[in-house]
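Residue numbering begins at 1 within each chain, and the chains themselves are lettered A, B, C and D in the order written.
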Amino acid sequence: MSTGGKLMNNDIEMPDLMIYAMASEIKNFETVLHGVSSPLPVLAMSVARKTHAPDMAYISGAEGVDPEVDRVYPSSFDARMNRNAVGYFGLHEAFDLAQRGELNVMFLGAAQIDRYGNTNLSVIGDIDQPKVQLPGGAASAFLMPITPKVVIWITRHSKRVFVDEVDFVTGQGYNNRAEAYKKNELVVISSLGVMNFKNSDRVMQIQSYHPGHTLDEIKENTGFDLLVAPDVAETPAPSKEVIDLIHNVDTDGVRWTEFR
Amino acid sequence: MKKVLTSLDEAARLVRDGDLVTTGGATFHRAPMEFVRELVRQGKKNLSLVDREPAMDFDLLIGAGCVAKIRAGMLAFEGLGLAPNFRKKSEAREIITKEGACQPIIAGFRAAAMGLPSLPVKGMLGSDLLDISEEIGGYKQVEDPFTGEKMIAVRAIQPDLAVIHVQKADEYGNVRIEGPVYEDVIKAKAAKTVVVTAEELIPNSEFRKMPEATTLPHFIVDAVVEAPKGAYPCSCFNYYDVDYDHIKEYLRVAAKGQLKGYLDKYVYWGKTDE
Amino acid sequence: MSTGGKLMNNDIEMPDLMIYAMASEIKNFETVLHGVSSPLPVLAMSVARKTHAPDMAYISGAEGVDPEVDRVYPSSFDARMNRNAVGYFGLHEAFDLAQRGELNVMFLGAAQIDRYGNTNLSVIGDIDQPKVQLPGGAASAFLMPITPKVVIWITRHSKRVFVDEVDFVTGQGYNNRAEAYKKNELVVISSLGVMNFKNSDRVMQIQSYHPGHTLDEIKENTGFDLLVAPDVAETPAPSKEVIDLIHNVDTDGVRWTEFR
Amino acid sequence: MKKVLTSLDEAARLVRDGDLVTTGGATFHRAPMEFVRELVRQGKKNLSLVDREPAMDFDLLIGAGCVAKIRAGMLAFEGLGLAPNFRKKSEAREIITKEGACQPIIAGFRAAAMGLPSLPVKGMLGSDLLDISEEIGGYKQVEDPFTGEKMIAVRAIQPDLAVIHVQKADEYGNVRIEGPVYEDVIKAKAAKTVVVTAEELIPNSEFRKMPEATTLPHFIVDAVVEAPKGAYPCSCFNYYDVDYDHIKEYLRVAAKGQLKGYLDKYVYWGKTDE
């Protein structure tokens, strides 16, 4: 498997930058879960624990608690990623944790996302006559409104993904959330920047642009008007140490899967 | 305890056309592939399949024409790609796809496992998934009788049959699952009939030496089949890892619309005497 | 601990006779649970499995499945009674089994019982001003209406126990059951006889009188009018083999506890 | 993982007067007796206690004057007799007794463990127990939103604190329970604060060698206390059996109204420096 060429300047590869940005969303002592098809979250959680969040609780989609991940596999449920886990915790138990409000951070994907943070992982076209049958939203509809922080990662920032209106609301954005769930935080980390919804209208705004990219480039590749946070800045780049951590764990380059 | 050891052929005959079936494991791990292959060989029709996050087991059954309806939280081949037959037949409306979300599907199994007609879940409000009506695992918005909190009640999902591939079983139906258990205990309790395929049969005395390792006691299980390599090409923890190359071969063949060749080679080969 | 004198003629001790009658209520292949404070049910289940019901599923209140009980203890949750169990099954799992309709037989106690089978294990006197605070009904209110067969064992058949009206309905008799639950079977095994409710009015009737006792004796010790089943007969006495089974397991005579 | 190892004294200070508390184990098995004795020594007041089938742990707290309210499915000393202090103080109306039934109490814990405001149960209909109103674990008759079936909804029971005595723990709060688990996992998930007292502290590396034996992962547990013989005179599976003679002595003393002597001998002795 190719470990890919340089997709960014500064000699920082895009997966590494996204993984570092995702890791940065995790605070120490937080309880974090990853799900299916999640090599980037696996690596982000591993990086966070080895750097600024040594005391986080790491719950693997493969059910291991605090495993020592020493290799990444095409399946995020591969039990080899439970190596040296301290115990097992089933996904239904993790979902109970979410219902109790004790799961702090979850990583989810999206095939489409709109300005309110609604995500679509279900169908392109009409649900009863789909042009493209997508895989399904997995835990999105359940976790997006109730998890204190949900991080959506998107490896291809384009107008096909960042759309004016999603074809189907799989995961709920702020305009589709029940009142009780409005305060839970949503962060979008794409191949171009980091977006949040920290404004009075709860619409997407650019929090940071990745090194080598610009606000204009992000806006041009987005199918709706993107706001810009007052304190917008460049996304912090990962250190050599962090990059080595990623490359030493993901020797097979599974992190590149979603970028091809 | 009564003996429930049987053949793969007999166990698969417990599945009737039109049944609601769930499979153990998750994506490529402890999927009951040998049982799935036997269902294909027996030419089952119009099955309804339900699971949280299935993968090749469901896609193969769909590709082989055994399936009328799918309900899943997500059905894909993880980093390897989309589920080719699921996608093709769903887009062609040859199967009915009712997307669930993981938690409601688990809640539906849990309700059945607890003997309850339904179970409430949080979240879900605002998702278009709530508009996809479904007889099993269907949704209703309710208010908690004490707090008034808005909840989504999920109707119980009681599969006609759950088939679970495990590491170890005895002839009475006692089961030991090693490593991740997923929702397999919940599914087994939820289903009307439970078939277990096992890498290895071990004596009942081995269970009695380590009762804390017993995952399912015999009275939950209706049939046990010895099936070494029964999850292949998926993994079986402590026995073998996923054969990612085999799964990629399946994807390549399916993408070219040549599933028949795959079926001849891996499903029917050596079993064509019937 | 004394293993007691002979309480019955025919050289059969009363615990042995009651245990045998209780064991006879279990059919082969049935799934049976015992609860707390249950030496007689423990022995009845052990006898049944070693005689006519070898394939029954035995779920211990101590959570062992199909244990080989070789001694009985004052606590029915004593884990030493899980010896050689094939697995563990928690009480909440057994209750789920009951809710699914898959628990066939349960044994329960009663401080008072009336003609409809209502049991009281809560209070003597008024619930808000109890004369006697009883221990509580444990699983009675949950299991009595939903379990296909509930066996109530009463070691002292007297007018104080068999009352015209229970002070408090802990476990539901037939007149207090929801319609859906009316068909579940209730059997009462006392120190004098075996009673059931197999008549159109669903009121208690004598099914059998124990050897050495009479219908009149049972009626005289009952605080309401007891019917008599058309096929009333003498309670079958345990064989020497069954008695030996009981005595060999309960060498300490824990079965006598409730008779003193 | 963060270190949560602390002293018995500090852990017991997590219990505030008036708290709703539940204890692990069942009757005479893995009851957290040393923690209970510490609660007595610290002179806790007005506790509400809730459990399925407690025994001496609750009776001792009642006898020592720590308790205002009891909710249990059954509270007795099994074959050894009735619970003397529970009976006496309940009849004297010095404590409020709200009898639950086992299943609703478990369902209340389960609801809290699942993060739900309530959970329905079957049975119960027709019992006078439904008329005993209660803020926590209270009942409402409901109809299932799909089937219309009459069910009893049980309000979630979220203890302020659950204290569970276990065989093994590490300094981070990972817990291994051996033998019967009872509702201890459910209670730990249900409670706001979880204290674990352990026969033995073992290194974290031991948990990593056998993760399938881990009963509670560290993030569920708030405090760990090393407490050898911490269930005595109750049993701790694999460590010691019930001391029935000690419990009989307690019953004899309590029956004579001489609990103070027992407390001096077994609770305060050697700990009277405070």
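Basically, a residue touches a chain if its C-beta (ideal position, glycine included) is under 8 Å from a C-beta of that chain, and two chains touch if they have at least 3 such contacts.
Because the structure is a prediction, the values reported are computed rather than measured.
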Q) Does C-D or B-C have the larger number of C-beta pairs in contact? A) C-D
**Q.** Separation of mean Cα positions, chain D and chain C [Å, integer]
**A.** 28
Q) Could you state the distance in Å from the CA-based centre of chain A to that of chain D? A) 41
Q. Between chain B and chain D, what's the gap in Å when you average each chain's C-alpha atoms?
A. 38
(Q) Where in chain B do residues touch at least two different other chains? (A) 115-116, 122, 149, 179, 212
Q: Spell out, as numbers or ranges, the residues of chain C touching 2 or more other chains.
A: 64, 82, 88, 98-99
(Q) Per the touch rule above, enumerate the chain pairs that touch, sorted by label. (A) A-B, A-D, B-C, B-D, C-D
Q. For chain B, which residues count as touching chain D in their complex?
A. 115-120, 122, 138, 140, 142, 144-147, 149, 151, 153, 155, 178-179, 212-213
Q: Would you tell me which residues of chain B are touching chain C in their complex?
A: 1-2, 112-116, 172, 174, 189, 204, 207-208, 211-212, 214, 216-219
**Q.** Residues of chain A touching chain D in the complex
**A.** 29, 31, 55, 57, 64-66, 82, 84-89, 93, 96-102
Q: Write out the stretch or stretches of chain A touching chain B in their complex.
A: 36-37, 39, 62-64, 73-80, 82, 88, 90-92, 95, 98-99, 121-122, 127, 129-146, 168-172, 176-178, 180-181, 254, 257-258
Q | Contact set on chain B toward chain A in their complex | A | 26-29, 52-53, 72-76, 78-80, 82-83, 86-87, 90-91, 93, 97, 99-104, 106, 110, 121-129, 132, 149-150, 179-183, 186, 235, 237, 241-242, 244
